[in-house]
Amino acid sequence: MEQSTAIQQASNVKNKAATKSAALQEPRIIRYTLTFIALAFLAFFIVLPLVTIFITAFQKGVDVYFAAITHPDALAAIKLTLIVVVIAVPLNAIFGVMAAWSLTKFNFKGKNLLLTIVDLPFAVSPVIAGLVFILLFGSQGLFGDWLFANDIKIVFALPGIVLATIFVTLPFVARELIPLMQTQGTSEEEASISLGASGFKTFWYVTLPNIKWGLFYGLILCNARAIGEFGAVSVVSGHIRGMTNTMPLHIEILYNEYQFSAAFAVASLMSVMAIFTLVVKDIIAWKSKSS
Amino acid sequence: MKKKRNFVLQSLALISVLSLSLTGCSSANSDEKASDQEAKKSVELLNVSYDPTRELYDEFNKDFIKKWKDETGQDVTINQSHGGSGKQGRAVIDGLEADVVTLALAYDIDEIAQTRELLNKDWQTEFDHNSTPYTSTIVFLVRKGNPKNIQDWDDLTKDDVSVITPNPKTSGGARWNYLAAWAYAGKLYNNDETKIKEFMKSLYSNVEVLDSGARGATTTFVERKIGDVLIAWENEAYLSLNELGKDEFEIITPSLSILAEPPVAVVDKIVDKKGTREVAEAYLQHLYSEIGQEIAAKNYYRPRNETILAKYKEQFPQLELVSIDDFDGWAQAQATHFKDGGTFDEIYLPQ
Amino acid sequence: MSSLIMPKKSRRIIPGFHLSLGYTMLYVSLLVLLPLSMIFIHTMSLSWSAFIDIITEPRAVASYKISFSTALIAGLLNVIFGTVIAWVLVRYQFPFKRIIDGLVDLPFALPTAVAGIALTSLYAPNGWIGQFFDFKIAFTPLGIIIALTFIGLPFVVRTVQPVLQNISAEVEEASASLGANRLQTFRRVILPELLPAILTGFSLAFARALGEYGSVVFIAGNMPMKTEITPLIIMTKLEQYDYAGATAIAVVMLVTSFLLLLTINLIQWLANRRFVH
């Protein structure tokens, strides 16, 4: 605890120093140029696509917009997406904490390999990510006959969609926590343990407060990505209207029906959800700094 | 070393716990199924179809649901799944439990019959007309006024014409496009294969965007305004004309084209497992009824029923049509043209 | 080599090694390794020569070149602009900074298909941006680069940002008081600190770009030999019910990504070791 306040004090000092010392500031022209470049880049790559989505969404009027997002199929898609997120995100959060704990608090052989495996889902093409679950649980897959005989549906049903989503979003929490816990080291935990606290208590009262914002940040990114995943889910969903279509798939369907405005209306709803979670994250991050 | 062994033990313990919980879930699942069957008042069908039939089955399903309720008193819910024909075929093979499939080409259903024997190999004899209740053909969609004066397939090979068509490797529908062009060139050059290939090469070198699906190609042509001509199914061409701009495009029917036959089939193993055979067969049979044929015609598919075809003859101009049998069936066409190293690949490979 | 061997003391003091590592191993085994191993199992149905034939056919090779070069360029663009954005977000004040900061994560959250469609309509020849250019952007490799840059942007920004926040002012002050100008301080002091993070961000963005499918198919034009990306080759093989062929190409992609990430992680580890010891 004391250490973190010390860090905060140091960073406050740092901020003051940064504003005071001219040697630490770039010339104004460079500051403006850099800011301009950054903003222009974001404008072209992020803001304009976002604007396009909203303009197309409202092109046919507010009525079409609300009809699109309150259509039974759209509501079913929203519901399904939320169910998937509610299952996938907590599982990956627990995993993320476990993985970060083992990878940062201990040294062991093959650590780099394990770290790379944790990273791997970032790098696997969504097409492959979906395909592997088909190869595993599809009718021709490893468990295909058994699943068919017992009438258990994994792919083309909720479990498959959840699995694909877990796969794609698996590294987010772990990736957020690992660098954070690495810089924090193990001294605080060691102190707590040597004072007689149990392992769980140490985690709960010492580690967790230190990593909670990183954890939260990872959760939000994981959540955002889980809502938005398209490629992998598309392969395992079966595209049954009102049943196995998540929001991104529903958007694709609307688009393919030439209902461009409706498609973008649902897309804009997703953007709003995304921006909302991101703003929440920022507010919390800001509060955590000021408190 | 000792540590390692510990690990393995712990992992095994965890795996067994996990698999136990999995089976727990699954048994809960089957309980649910059982209670479903007790209340066997309503029945559910899953129709796995390809992209451009959405509007058709939207309308047709409503009619069938009403008809089935009137005749048997039973409620039927029809779930629709749409996507690229090959992708949908694959989904059924991999376990998507479709009661009926209504795909873009017989090849995809053949594949379902062969790889998993979900239905009989001679499924095409189950319903009339090769199990194809409606047909279509391949036409051109051009910009209003036809500025490039495109009338027939050979106009598509001219240097200044830019063509949009989907990739026959990823889009089942686009294979009909390719074969139609091939058939025209075959007639033009008396089946001289070198010349046909040259023709195809110059046609496909005019293709500016090779979308992965038929609807993507239409969007590229209509929304992005790329290309002078879109090679499309007749029903798709009419649909985009009516949905996206009557005064922006017109349809050109070439002198020769192919009879596109999108077939339908009941998936035997699935309907027997689910006990839905009766309603599934009635569902497909209803496509052949007068109402079914009328709905097909209204959605710009050419009906098999002569009287209804005659009623819509304005919409469906006569033209010379070859069929897939002229290519010795789908298995052969696939092997010659679309598999890796086939004639389509030759077009793009540097000589 | 000493760091390879576990320090005995810390192992004894901090609990949960077996539990956490066991759980991690189990989780990645069931959800990453087992599923991915299916790719290799299916490929094994091919003979070695058939496998080589499939992965070296001209269209596949052309697609590797396209995927690799566009992903590389997109990764480099992200390194440059991502670092600038991270710098600006950490060091400077300007209006709406918090919202703009939040927007950086949008590519994670937006479905890739939506991103692809939106970017295509912007950069198509008749689009808002595309119309100002004499040459085509969408439906060329340029379009692919744009989509991939969009996809990978958050990776670089989000890995560089926290490190930049942690660089202590004292170091910069020391550098300045020793007479270094701002550029020298940046090059000699700040950049070396940032480099590992930039490298991680680059490798993640690059690896993600190699595999991206959803957004690229809309904007690429998908012309064989010209704008056909490797994931699309996998899709075309699947459409032909050629599972073995599809998984063969998938093996190539997987191994490439894995080696890439492993190399970067090793470099990171070596770099860390140099600083720590």
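Read from first to last, the chains carry the letters A, B and C; within each, the first residue is number 1.
The criterion applied here is as follows: a residue touches a chain if its C-beta (ideal position, glycine included) is under 8 Å from a C-beta of that chain, and two chains touch if they have at least 3 such contacts.
A quick note: this is a predicted structure, and the numbers were derived from the prediction, not measured.
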Based on the averaged CA atom positions, which chain is farthest from subunit C? B
Once you count every C-beta pair in contact for both, which comes out on top, A-B or A-C? A-C
Quick one: subunit A and subunit B, Cα centre-to-centre, how many Å? 36
Calculate how many whole Å lie between the centre of subunit A and the centre of subunit C, each centre taken as the average of the chain's C-alpha atoms. 15
Two or more partner chains touched - positions in subunit C: 19, 21, 23, 25, 121, 235, 238
Which subunit A residues touch at least two other chains? 141, 255
Which residue numbers or ranges of subunit B touch two or more of the other chains? 93, 115, 223
Can you name the residues of subunit B that touch subunit A in the complex? 26, 29-30, 33, 46, 51, 54-55, 79-83, 88, 91, 93-97, 115-116, 213, 215, 218-219, 223, 239-240, 243-244
What does subunit B use to touch subunit C in their complex? 3, 6-7, 10-11, 14-15, 18, 84, 86-87, 89-90, 93, 111, 115, 167, 169-172, 207-212, 216, 223-226, 334, 338-341, 345, 348-350
Residues on subunit A engaged by subunit C in the complex (per definition of touch): 10, 13-14, 17-18, 21, 23-27, 30-31, 34-35, 37-39, 41-42, 44-50, 52-53, 56, 95, 98-99, 101-103, 105-109, 111-129, 131-133, 135-136, 141-142, 163, 166-167, 170, 179-180, 183, 186, 189-190, 193-194, 198-199, 202-203, 221, 224-225, 227-231, 234, 247-248, 251-252, 255, 263-264, 267, 270-271, 273-275, 277-279, 281-282, 286
Taking the complex as given, what residues does subunit A use to touch subunit B? 134, 137-141, 144, 147-148, 150-153, 155-156, 238-243, 253, 255-258, 260
Listed in rising order, subunit C residues that touch subunit A in their complex are 3-7, 10-11, 13-17, 19-21, 23-25, 27-28, 31-36, 38-39, 41-42, 81, 84-85, 87-89, 91-92, 94, 98-115, 117-119, 121-122, 128-129, 146, 149-150, 153, 158, 162, 166, 168-170, 172-173, 176-177, 182, 204, 207-208, 210-214, 230-231, 234-235, 238, 243, 246-247, 250, 253-254, 257-258, 260-262, 265-266, 269
